[in-house]
Amino acid sequence: MTRLTPAPPPGKLIDSPPFKVNAKKELANPVLRKNLRFATHTIRAKRRLRVSEVGEEAWQQLRDAAAEIKDRVARHLDTYLLQLEETLTAKGAVVHWARDAAEANQIVVDLVKAKQVQDVVKIKSMVTQEIDLNESLEANGVAAWETDLAELIVQLGHDRPSHILVPAIHRNRSEVREIFLREMGRYGTPAPADLSNDPPVLAAAARTHLRNKFLAAKVAISGGNFAIAETGTLVIVESEGNGRMCLTLPETLISVVGIEKVLPTFDDLEVFLQLLPRSSTAERMNPYTSMWSGITPGDGPQELHVVLVDNGRTQALADEIGRPALRCIRCSACLNICPVYERVGGHAYGSVYPGPIGIALTPQLRGIKSVIDKSLPFACSLCNACADVCPVQIPLPEIIVHNRNRVAEAKQSERRPHLETTAVGAMTWVWKNPKHWEKMLKLAGLSGKALAALRVQSLGPLPPPISAWSNARDLPAPPAQSFREWWKRNREGAQ
Amino acid sequence: MNTAKDVILTRIKSALADVPSAPIEEDAPVTWEYGKVAEMPAILDVFVDALEDYKATVYRVSAAEVPKTVVKALKSKGAHSVVLPAGLEASWREAIHHAKIGIHDDEPPLTAPQLNEIDAVVTASRISIASTGTIVLDHTPDQGRRALTLVPDIHVCVVAADSVVSDVPEAVAKLKASITAGQPLTFISGGSATSDIELQRVEGVHGPRKLLVVLAE
Amino acid sequence: MSQPGDGIRVALFATCINDVMFPNTPKAVVKLLERLGCTVDFPFGQTCCGQMFTNTGYYKEGLTTVHTYVDAFERYDYIVAPSGSCVGAVRHQHPMLAEWAGDELLLARVCKLVPRTFDLSEFLVDVLGVTDVGAFFPHKVTYHATCHSLRVTKVGERPYQLLQAVRGLDFVELPSDEAGLPTAEECCGFGGTFSLKNPDVSVAMVSEKVRNILATGAEYVTAGDNSCLMNIGGLLHRQKAPVKAIHLAEILASTEEDAA
C-alpha cells in the first residue's frame, strides 16, 4: 500500500540499541555536532539574558510557585481531572480517557473516521509523538500533516524529531532547503524551484505549502500546554501561527492532553506564562498563545474532543522520587544546557523525550525493561547544570540517580554474574572496613613501587574494561606511598 | 460506564497512597501572591520598546487621531481590502471607507478562502502587557472572531493606553472575566515568528506577518 | 604571632582517590592548614564518601560508606576535604541514603555531620576568614570550576578569591564560548562511572575542555577536585600537552621556599 505521508525511519523507538551505541554513531557526524553546538549555545545565552531581565530573586519566586502548583496538581490529580472533565463538558466539549497509547490512538482514529476525512492538520504536540499517533492514522488511511515548521522539516525529511522544542535542531539551512525541494511537491504545493537556503525564504515556502492544507482542513489535532480545571480552558503556546490556524479554522478539534497537564485555576497561568517562554525560546513572551474553553458559538471549531492520556503517567506518579518529573512543562531548557545532549542530539535517546528530562522521565513512563531504557539513566555526567535551569525545579539529577538505582537493583536481582556487580561487591568489601582499605592501599603502593622501578609514571592504553578510559586518556601510575602511609610515618606521633 | 476513566482514577488513587486526606490547600500550599501589580513608572514606553523589539510598527497618537492613523497604517503596507469586525468603532470604519480601501464585513461569516483573499484586518483589543509587549484579544465584537485576525496578512490593532497593564499577573487577573464569559483569548506578542531553522528568528510564518499597533493615548 | 586557625582542630577527610592516587594533595592540605595555625588530625577510620556507588545506583553499597564516614568523623567539629565533589556527596547523598534505608538513627548522625563538613575553599574563606593564605606560585594558571564544586557544594567565588591572592600567580580565565558563556562552568566529562559507561561522549567533552585550557596558554590547570583533574590531565598527558593539572590545595600550600 502506498503511503499518504512521508515514512519515518523504520522501527520503534523503544527497540533502539543502548545509548552508548547510538551516541557513538551520532558523535561521528560532524555536521550534526556543529549544528547542535551552535544551536544549544545560542539559546543558552539567550535564556540567561531573558531570565536576568526578570531578576534572580523574582525568577526564583516564580520557580517556587510553579513547583508548588505542579505538586498540588500531582498530589490531587484525581480531583482536578474530574473537575476538568466537568467544566469542559459544561462548555460543550466531549472528554475521553485513554489508559495507554493504543487506546488514545483508537479514540482519535475513530473520531477522525467518523468525520469521513482523509487529511487532518496537526499542531506540534509531544504527547501525540509519544503515542505515535501519526502512524496510527496513516495505517487507517488518514494523512496527518505536521504544520509546525520544524515538524514539517522532520516529516518531509522522513526523519524523527531530535529536540522537544526545536525538533529539527539537527538540520541546518542547506539540509532544510534540500528536503523542501525534494519532498514538498510530492505531498502538496511544491517549493519554488529557485528556493534559497535563507531562513525567511524557507519559512515562506512552508507558509505557501501549508496554506491550502489549513484552508481545506476539516479536522485538526492538537496537544495542550495547560488545561485549566476551574474554567475548562485549554492553552496552546506557540510561535508561528500554525497553531492558531489549526485551532480556529477546522470544524472539529481533537486535543490530546497528558493527564499531568491540568492546572487548578486560570490565575495559575500568570506563573507559567512568565516561566515557559523565557525558558524555552528565550523570549519575553512567545508570539501567540491561544486559550479556549469548550465551544464558542460562531467562533472556531464547533466540535471539541479532549482525550486525557495516562500512558505511564500514573506509574511515574506512584514513584515518590520520580513524581516531580510530571511537573515538566516541556520547555527544553535542560536539553539546551546539557553537555551530553549537546554532543549527541536527540536521536541517541530512543525516546521522544531526550536530554535530562528524557532520561528522568522516559524510564518512569516506559519502565526499565528494554535495553535503551536500561541505558538511559547513565547518559549523564551528573554535572547538575539542568537542575539549575529547570523552571519548575525538577530535581533531575536525583531522579536520574534514582532511575540508576532501579536499574542496578534489577541487575543484582538477576542472580547471574555481571562484571559491574562483582566489582561493586569487591569495592564494598574494601570500603566498608578501613582495615580492608589499608590493605588495598598497600597493594596499590606495591604496584606503584614496581612501576616506579620500571620508570613508568603513567599508564597508556590498557585492556577492557579500563580501555574505556585509556583509549583516549592516560592514567597516572599509583604512587609508591599512599597518603595514609605517609601520615603514619611522619605524623603518627601527632595523633 | 467509562472503564478507562475508572481505571485511570483508580491508578491515581493507589499512586497517591502517601498523600494524607487533608484539604488541598493544607496538603499542598502555594505561597505565591497572585495578581500583583508590578511597579512601572513609564509603562507605555516599556510597552512600545517591547513591541518594537518584536519588529512591530507602533504609532503613538491621541485618541482623536486614531481613525486617520489606522488608514495611514493600512496604506503603509499597501492594503487594498480590509475585513472589519461588526463592533468596530464607527469613526475608524468611516475613515477607512473614505480612504477607498475595500471593506468586507463578516456577515454572513466569510469562509477561510474568502478571508485569505483579504489584505488586512483592523481591530480593537482587550488588554495589553507592557513588560512583554503582548496584546490580548478576547474576540468580543470590536475584535471579531478568531479567524479574522489570523488569515489576512496585515493586522492593524488599536490599543487604548488605559488598557495597558504592567505585567502578566495583572493581565491574567483582568482577563478572568472574559474567560468566565466563555470568550476565547489570543495573546499576540509581535507578529508570527519562528526560530526553527538554526534558531535564527524569522518574522512571519502563518499568522499575520505584519503587525501595526496604534496606541491611543 | 596569632594565626587564623589557632585553637581549631580539623579532621582531614583525604578522600579515597587522593589517598591512593594523589597523596600530594592531602599532604598540601596538612601543610597549608598547619601553616594557618590549625591542628590537623587524620582519622584512620575513613575510607570513601561512597558516591561512586550511589551515583551508579548501588544504594545499599553506598550506605556502608555512610556508616564508615560517620564512625570516623563524628567526634570532630570541622571536617575538611580537598574535594567539592566528595563534600557534596556527604551533604546530599548521605542524608538521602539514610532516608532511603529508613534508618532514623543514622539520619540523625548524618545530619549533624553535614554542616561540619567543608570543602577546603569554604573552610579557608568562611571559617578561617582568609583569602590570602601566604602562598607563592609564580606560574600562569587557569581554573576549571568542576560541576560538583560549583553546582552541588556551591563553593562560588571562593577558589577565585584564593587564587587571586597567591603571590606571583598569573591567573587566566578559561575562555567564553561563542555565545559569551563561561566554559569554566562546563563539565569536563568525567562524571565518575560515566567516563567508563559512555566513554565516547566523555572523551568528546574532555577534548573540548582541553582545547579551552590550551587556548589560555596556561602552564597549569587547577580545580578543587582531583577526579576531574585526572580526566583532564589524562588527556593532556596523552596529547603531550605542556600543561600540568594541579589541585588548588597544592598551589595554596606552595611558598617561596618551595620555589627556591
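Observations on the model:
Just so it is clear, A, B and C label the chains in written order, and each chain counts residues from 1 on its own.
Heads up, the rule we're going with is that contacts are C-beta pairs under 8 Å (C-beta built on N, C-alpha and C of every residue); 3 or more make two chains touch, one makes a residue touch a chain.
Values in this document were obtained by computation on a predicted structure and should not be read as measured data.
The greatest centre-to-centre distance from subunit B, using averaged C-alpha positions, is reached by C.
Of all the chains shown, the one with its CA centroid nearest the global CA centroid is A.
Chain pair with the most C-beta contact pairs: A-B. Between subunit B and subunit C the centroid-to-centroid distance comes to 53 Å (mean Cα coordinates, whole Å).
Here the spacing of subunit A and subunit C, counted between their Cα centres, is 32 Å. Taking the mean of the C-alpha atoms as each chain's centre, subunit A and subunit B sit 30 Å apart. Shared contact sites, meaning residues of subunit B that touch two or more other chains, are absent. Looking at subunit A, one finds that residues 38, 42 touch two or more other chains. Those residues of subunit B lying in contact with subunit A across their complex are 2, 4-5, 7-9, 11-16, 18-19, 24, 27-32, 34-35, 50, 53-54, 109, 112-113, 116, 129, 131-134, 139, 145-147, 150-151, 167-169, 171-173, 175-176, 179-180, 182-200, 202-208. Considering their complex, residues 14, 16, 18-23, 26-27, 30, 40-42, 44-48, 50, 52-59, 61, 64-65, 67-68, 72, 96, 147-148, 151-152, 177-181, 185-187, 189-207, 230-231, 233-235, 237-238 of subunit C touch subunit A. Interface residues of subunit A, counted against subunit B in their complex, comprise 35, 38-39, 42-43, 61, 64-65, 68-69, 71-72, 75-79, 81-82, 91, 96-99, 103, 147-150, 153, 166-169, 171-173, 176, 199-200, 202-204, 206-207, 210-211, 214-215, 231, 233, 239-242, 244-245, 247-249, 259, 266-267, 269-271, 273-274, 277, 281, 283-294, 296, 298-300, 308, 310, 314-315, 317-318, 320.
Residues 19-20, 23-24, 27, 38, 41-42, 44-45, 48, 339-340, 343-344, 377-385, 387-388, 398, 401, 403-409, 420, 424-425, 427-428, 430-434, 437-438, 440-441, 444, 458, 460, 465, 468-469, 471-476, 478-479, 481-484, 486-487, 491, 494-495 of subunit A are the ones that touch subunit C when the two sit in their complex.
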